[in-house]
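Next come the structures, one after another.
In the two complexes that follow, subunit A is the common piece, with subunit B as its partner first and subunit C second.
Up next, the complex of A and B:
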């Protein structure tokens, strides 16, 4: 187990303060239950998300670097944890760019000086995902010891989305064999939920596009992509799709409803953050993990399974 | 090449075992070919000639590789291509498996995902590039404003 992950800087990002509040709530609750400390990055800003990157990628690099600079230089953390796939991806991308692209370094130096904070230097901090955080601080064995309500009998399809593993070059720690994460066949969520007792079903679309990119510009294609994901999960017997990306999560939830209205296609698989499932397994109440904040109503299913 | 809408319809037919239903191995091979056709659309739209080569024994994988050159976001469908190959193999290598129809339905979902992703990408440049987009692939580049500088 990695002791340095026991207390980390926490970068929630914008989504976790809004549409993905349940993810933030359950992440914090699980952390407390596991004895892990999260210290929120002070005065954090947007990571640059999708919008800024499309206008100017280097501005996105700067915005992400500022978050890392505060966590590393002002708060003196070695590790920053970002549960949102978009934030996680952007911080990793900024790290890569600042280690490899002198133009990015120049822009970040210029903007950091203007903003009046220390310039982030590549290597000052390690960015991890919530999956890394739990996997490497507690691990499967540690989780098994702490499970109070086993997820036994619950069939789960784990959906990682596109940003957790791509592009591969910004995740040098992955694909290293042993206990490292795989970009081709990610398994950390599978490992953790299986340790909590869940039955993990095969899911060929676990890293496929959720259509989040054009949910506004071409909603029908987004809905069809989501229908495919939901159907693939159901075809393999899943009762729940576990997510770890706010964009994917809200896309699956909203387009599940839209699919019924627009295409008369009904699916019943429930969409839940993996931290919510872990929280229930650790004995937290549905409210503590924010099940009531999801659009997808999974409470009846969890009651039926004796988990709520 | 057939229009993408026709490809989508044929994928749906194969996935639901519409009558007359081809043998599972034949249907799986056709799904793979439909996936190749979708990739050919993407490559042709970029002004290139789709390769006839194979990679790891499959033209689909060679076409994906060709389509991803200079377009990193295209790798967002790399695993979808590999899953299509995997499901085709499952069916072709064991066509009498008791779950072969389920496997075929899954292969069709995977093929359809490839079609939807690439179809969407052909409408909206940079789709899958984490995320959002602004310029339709077919629009002249002059329609897109130059990105402003960082300052």
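Up next, the complex of A and C:
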């Protein structure tokens, strides 16, 4: 158990205030249930998502550094938690670049000074994902003790997407053996949901790409990539795909519909945030975990399983 | 002998004979296909330097052509013509004409970083794809791709207010690319979303589109970012031997 993660700065990011509201709602509800405190980063800004780097990568570094600067320098936190893979990835990337690339440091210094806030220095804060947060504070044993409504009999495929593990060099704490996360075959979500009783199915496309960066600008490519993921999950017997990224989640939801409309390919696997599944297992109601805010309608399945 | 990556050879340079006898030896079948040699004189000797001058292209010189990037690439799995290894080869040799044959698909890289993960030489091929796509547009070889238009719509909002609002991004993007907003699948998605939502939440979401979310006191950050963007644009245009004046991302 890691006491360090009991109270952390919380960076929701833009998607969790919009299309992924259910992820934010269920993350907070699960935190409350587990006795973990989240304090939202004050007056935060967008991390740059997947787009700003294509205008200029160092601007993305600056945007992410501002968020870390507020959490570390103004709010005095040692840890900032981001449930969105994009935010998590960008903060990690900024951390790496600021520790290793003098040009990035110079740009961030210049922009921070002009913008009127303290310049973030590498090492001032530790960025973690929602998966790290639960895994290293409560852990599987702690979850097992707290489960009220076991997910037993629910077949789940865990989908991690791209930005949680790639590129490897920005995640120095991964692939370190022991309890560390693997970049080739990530397992934290598998571990947590298995502890909540779920039956985890084999899923070779765990870190496949959903085409999230081009979901609207090259929709056919995204749809084809998503079809592979949905089908692989179904072929392995999954009833639910658990997600831990708002872009992946809405990508799967959108292109499941688009595959049906444009390619006449129908899949019925449900798409749910892992925090929603954990919440249900901890005894929270479907509404408390925001099931009604998903596009993919999983409520009938959970009713059938006695989970809702 | 089967010809490796046959699709990369110009079809007019490939010659196949059903039956072929050379010097009295029947070489029909496996040995019946020939590639016509050609002389290339129109190299662009600056091509690699130009790509390397754009963000993401910095490490292209490290490539040793192992092909791991192409092998790992999900877009290549959908379209075999999408071939990062081959494009890196062409850029390094300066074979601009060959590269231009694929100018309309290079932007389709989805930034999954599978290539960067497997590359044994730390080329960061994902960055090279972005730099190459950017180069094609800066040089006027093709209009801005939907991908860069999306990046611009998105970034302009972030630079202006510090945050984005997804509904506005979608509307602005469809407008800028001249597409109707009422795509059947988007409409269906909104329908399914609304069917589960209580009225209160719908109102909150509606209000978010009226009152743009913004970071307080963002003005100085915005000014600093915009100044930096203009400097970078001028720098890139100089590196590519373009007019040297600052372009605009609008």
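Here is the rule we go by: the second predicted complex is superposed on the first by the 308 of 308 C-alpha atoms of A that agree within 3 Å, B and C clash if a C-alpha of one lies under 4 Å from a C-alpha of the other, contacts with A are read in each partner's own complex, and residues count from 1 in each chain.
Here, a contact is a pair of C-beta atoms (placed from the backbone, for glycine too) under 8 Å apart; a residue touches a chain by one contact, two chains touch by 3 or more.
Small disclaimer: the values here were computed from a predicted structure and weren't measured.
With subunit A as the common reference, the superposed partners subunit B and subunit C clash. By the touch criterion stated above, A:213 is placed in contact with subunit B and with subunit C alike. Of the two partner chains, subunit C is the only one touched by A:295; subunit B is not.
Once the two complexes are laid over each other on the shared chain, residue contacts for A:18 go to subunit C alone; subunit B is not touched. Using the contact criterion defined above for the overlaid structures, shared-chain residue A:105 touches neither subunit B nor subunit C, since it reaches no partner. In the superposition on chain A, contact is made by A:221 with both subunit B and subunit C. In the superposed model, A:86 lies in contact with subunit B only, and not with subunit C.
In the superposition on chain A, contact is made by A:247 with subunit B only, not with subunit C. By the touch criterion defined above, A:231 lies against subunit B but remains apart from subunit C after alignment on the C-alpha atoms of chain A. Put subunit B and subunit C next to each other and count what each touches on subunit A; the higher total goes to C. In the superposition on chain A, A:257 contacts subunit C only, with no contact to subunit B.
Once the two structures sit on top of each other via chain A, subunit B runs into subunit C at 130-138, and not at any other stretch of 22-30, 130-138 or 166-174.
Overlap of the subunit B and subunit C interfaces on subunit A comprises residues 50-51, 53-56, 58-59, 62, 107, 110-111, 114, 162-163, 166-168, 208-209, 211-214, 217-218, 221-222, 224-225. The residues of subunit C lying in touch with subunit A in their complex are 55-56, 74-75, 78, 108, 110-114, 116-117, 124, 127, 130, 134, 145-152, 154-155, 158, 162-167, 170, 173-174, 177, 184-186, 188-189, 192-193, 195-198, 201, 205, 208, 213, 215-218, 220-221, 223-225, 227-229, 232, 249. For subunit A in complex with subunit C, the touching residues are 14-15, 17-19, 21, 43-46, 48-59, 62-63, 66, 107, 110-111, 114-116, 162-163, 165-168, 183, 208-209, 211-214, 216-218, 221-222, 224-225, 253-254, 257-258, 260-262, 291-295, 297, 299.
Considering their complex, residues 50-51, 53-56, 58-59, 62, 86, 89, 107, 110-111, 114, 162-163, 166-168, 184-185, 204-205, 207-209, 211-214, 217-218, 221-222, 224-225, 228-229, 231-232, 235-236, 247 of subunit A touch subunit B. Every residue of subunit B that touches subunit A in the complex is listed here, in rising order: 72, 75-77, 79-80, 82-83, 86-87, 102, 105-106, 109-110, 112-113, 116-117, 119-120, 123-124, 126-134, 147-151.
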